[in-house]
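Look at the two complexes coming up: chain A is in both, with chain B in one and chain C in the other.
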Partner chain A sequence: MALRYAFFPGCVIPAKYPHFESATRAIAKVLDMELVDLPFSCCPPTSNMKLVHYDSWLALAARNLCVAEEQELDILTTCTGCVSTLKEANYIMRQKPNRRRKINRILEKAGRHYEGTIEVFHLLDVLYDHIGLEAIEEKCIYDLNMKVASHYGCHLFRPSYIMYPEFLSPSHSYVPTSIDEITEVLGGEPVKYMRRFLCCGYPLGANVDEDASYEILREKLYYIKAAHAELIAVACASCFEQFELGQVMIKKKYKETYKLPTLYISQLIGLAMGIDNETLGLKEHIHKIKKLLPRLQERTGRMRATL
Partner chain B sequence: MTVSKIDLDQADAGFKKELMSQPGGEMISACFMCRTCVASCPISAVNDRFHPLRIIRMALYGLKHEVLRSEFIWLCSSCYACQERCPQGVSITEFMTLLKNLAVKEGHMPTGIRAQLDLVKGQGRIYPLDDFDNKKRGKVGLPPLPTSCDVVQKLFPAEVEDKGPSGRG
Partner chain C sequence: MTVQKVWSLFDRSQLYECYECSKCSGSCPVTLAGDFLGPRKILLKCLQHGSGRVIRDPLLWYCTTCQVCQDRCPQEINIPELLTGLRNKAAKIGNIPERVKFTVEKIAKTGRSVLGFKVERERKRYNLPPVVEISKEEISKILAETGFFKDLKIDH
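After this line comes the complex of A and B, so read on.
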């Protein structure tokens, strides 16, 4: 039976990077997942509502949880910001009775009440934990043969007591390995680089401190290049924007060229599954992956999935 | 960020208590100034105006005005690197969120944040979609998404309605 999820596309991806969404829907089809579209609002982001009015941020997030709960569906999001907001809201609505009462009182204005019966997952969690590496591997018709640097995005896994409590011991924080392990089954080579788990600098970009934002990115790019990576795989639209546009800004500002293509994780998987370039939107990127495409190596005896 | 002179007579003795009674601020007095937060912080590495330890100290000394009206609290990118590593269990990132919430309450909100807030309230999304976007989505086989979400306005906090930018954005 197909796995069913309430699909939470977020707001950046559907508006600015719809090809991430089409790539996600395409690989979901190949992997026999059903994505259900529901009338969600924006999550809302941790970078504004949460900083301004915590309780209202929680209430708006909980309203989205209610929409999925009504359909008895767990949420699948494609954005690191959304998963952070929705998981934190879910955590608080379940674990903090005082706050839950307060937020449910606010939700009454919208005729809603959250019971706390659903889970929230990032696409990566679903691929890694629910679908499994083996099932992904089975659907690949190409080996990537590329060196891939993973960038997970801070909010995917921090704070770990909310994002991945099951992996947490009192003295340890948690860092994910899912993109690297997925890269391996796609026939690519994951590379490790310094500052892998640190911020990309995106939140400082708009109106806060652009110099610091690009300085942080520049260091990451430097270490990615030093590790001989040929492309960057991300799980977050904001991080994507930082790597994609940031490289242009860094060329202007520091006269340094990196030319590293950045792919969203569903595009990378789609590539190995042989999904057409149009659906994956590879042409939409500034730093093209075209030069790397001849490296794809066909696997023998594999059939291309029909979409 | 430089603090040339600190006049503790001007400090707000109740500020520490106010902070410690709210989520995110409970553990700040446990800070033993080891600077693990500063060493972990990608922002501190490139901008010395941002210094988590200093912000915690200022808050503990009751320098309410200086902290809440500052630009530097908004430099935090909320990446949680410091919070994950703090050996004393201070929820530093959550504490920064609390400070920003209080700063807004006092009327200090950066221009960029105000603009984003208005978008969320108006269209229910920070990147609003219009019919043109939906047409574009249709061309690549994606279903249309709602262009507005009225229920967001019902849940929107009245308290921040009149809070304009602090002019420091």
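After this line comes the complex of A and C, so read on.
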């Protein structure tokens, strides 16, 4: 039976990067996942609404949880910002009775009530834990043959006691491995680089100071290049924007050229599955992946998935 | 309902647990890039002077919310919660960057953080269904209850 999820694409991907959504829907189809569209609002972000007005942040997030709970569906998000807000709100609504009562009193004015019966996942968790690496590999008709640097996005895994409580290290920390492991089954080579878990800097640029945010990015890019990566894989639209535009700005300001294509994780998987470049929207990118495409190597005896 | 107090979002007694080891500030990405005080100094100021002075500092908003400080702190002090509490208070007294205010106001009034005239046309090119409509009235109703418009002095 198909896995079913309440699909939470967020605000940024549907409006600015529809090709990430189209790539996600395409791989979901190949992997026999059903994505249900529901009237979700903005998550809203931990990097603005939560900082400005905590109760409003929690109430709007809890409203989104209600929308999925009413359909008895777990949520699948495609952005690390969304997953962080919704997972944290879910944690608070379950673990903190005082806040739950307060927020439910507010939601009741809008005819809603959150019981706390659903779970929230990022696409990466669904791919890794629910679908499984083997099932993904089965659908790949190409080996990527490219060196891939992963950037997970801070909000995917911090704070780890909320995001991944079941996997904490003895020092109560956690770092993810899913993008690297997925890259491996796609026939790509995950590249380890220094400062892998450093922030990309995006919220700093969006909120107050782009130049300062690119300073942070520059440090990351330096190590990515030093490790000879050929492309960057991300799981968040904001991180993508930072890498994509940041490279342009860094070139202007410091005359440093990186030209590293950045792909959203669904695009990378789509490439290995043989999904066409139009559906994946590859030509939308500033730093083109075109010159790497001849590297794709057909796996013998594999059939192209039909969409 | 009034806006959260700093110490209702962050348990003040945690301030006394700090070793002053500066592992947090050493890990903080923003200390790479600007004059941001960094988590340790902010915490220390709160300990010495209370939150009153700290919430007037516009550089508070430089924190990216990456949460690596809390992750690395040997005392497991929840610094991101401290910084959230401080900024909630800062926003109330008007220390809020224009762009942040613009974005939260947009979310409050439309239910979305990104809007565009060409969105549906672009989506059609990728055979995507239209973005699902939401009730703006419901969003405003909820935010009127939380005190959003009143606390931030935004017309409603």
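As a convention for this text, the second predicted complex is superposed on the first by the 303 of 307 C-alpha atoms of A that agree within 3 Å, B and C clash if a C-alpha of one lies under 4 Å from a C-alpha of the other, contacts with A are read in each partner's own complex, and residues count from 1 in each chain.
Here is the rule we go by: contacts are C-beta pairs under 8 Å (C-beta built on N, C-alpha and C of every residue); 3 or more make two chains touch, one makes a residue touch a chain.
All of these numbers come straight from a predicted model, not from anything done at the bench.
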{"item": "Chain B versus chain C as contact partner of A:198, first or second or both or neither", "value": "both"}
{"item": "Touched partner set for A:159, first chain B, second chain C, both or neither", "value": "both"}
{"item": "Partner chain(s) touched by A:151 [first = chain B, second = chain C, both, neither]", "value": "neither"}
{"item": "Partner chain(s) touched by A:139 [first = chain B, second = chain C, both, neither]", "value": "neither"}
{"item": "First (chain B), second (chain C), both or neither touched by A:122", "value": "neither"}
{"item": "Set intersection of chain A contacts, chain C complex versus chain B complex", "value": "11-12, 14-16, 18-19, 21-22, 25, 37, 39-42, 44-56, 59-60, 63, 106-107, 109-110, 154-155, 158-160, 173, 197-199, 201-204, 206-209, 212, 215-216, 279, 281"}
{"item": "In the complex, chain B residues that touch chain A", "value": "23, 42-43, 45-47, 74-75, 77-81, 83-85, 91, 93-94, 97-98, 100-101, 104, 109-113, 116-117, 120, 124-129, 133, 136-137, 140-143, 145-146, 149, 151-152, 154-157, 159-160, 163, 169"}
{"item": "Complex interface listing, chain C residues touching chain A", "value": "1, 3-4, 9, 29-30, 32-34, 61-68, 70-72, 76, 78, 80, 83-85, 87-88, 91, 96-97, 99-101, 103-104, 107-108, 111-116, 119, 122-123, 125-129, 131-135, 138-139, 141-143, 145-148, 151-152"}
{"item": "Residues of chain A defined as touching chain C within the complex", "value": "11-12, 14-16, 18-19, 21-22, 25, 37-42, 44-56, 59-60, 63, 106-107, 109-110, 154-155, 158-160, 172-173, 197-199, 201-204, 206-209, 212-213, 215-216, 219, 279, 281"}
{"item": "Chain A residues touching chain B - in the complex, by the definition given at the top", "value": "9, 11-12, 14-16, 18-19, 21-22, 25, 37, 39-42, 44-56, 59-60, 63, 99, 106-107, 109-110, 154-155, 158-160, 173, 195, 197-199, 201-204, 206-209, 211-212, 215-216, 278-279, 281"}
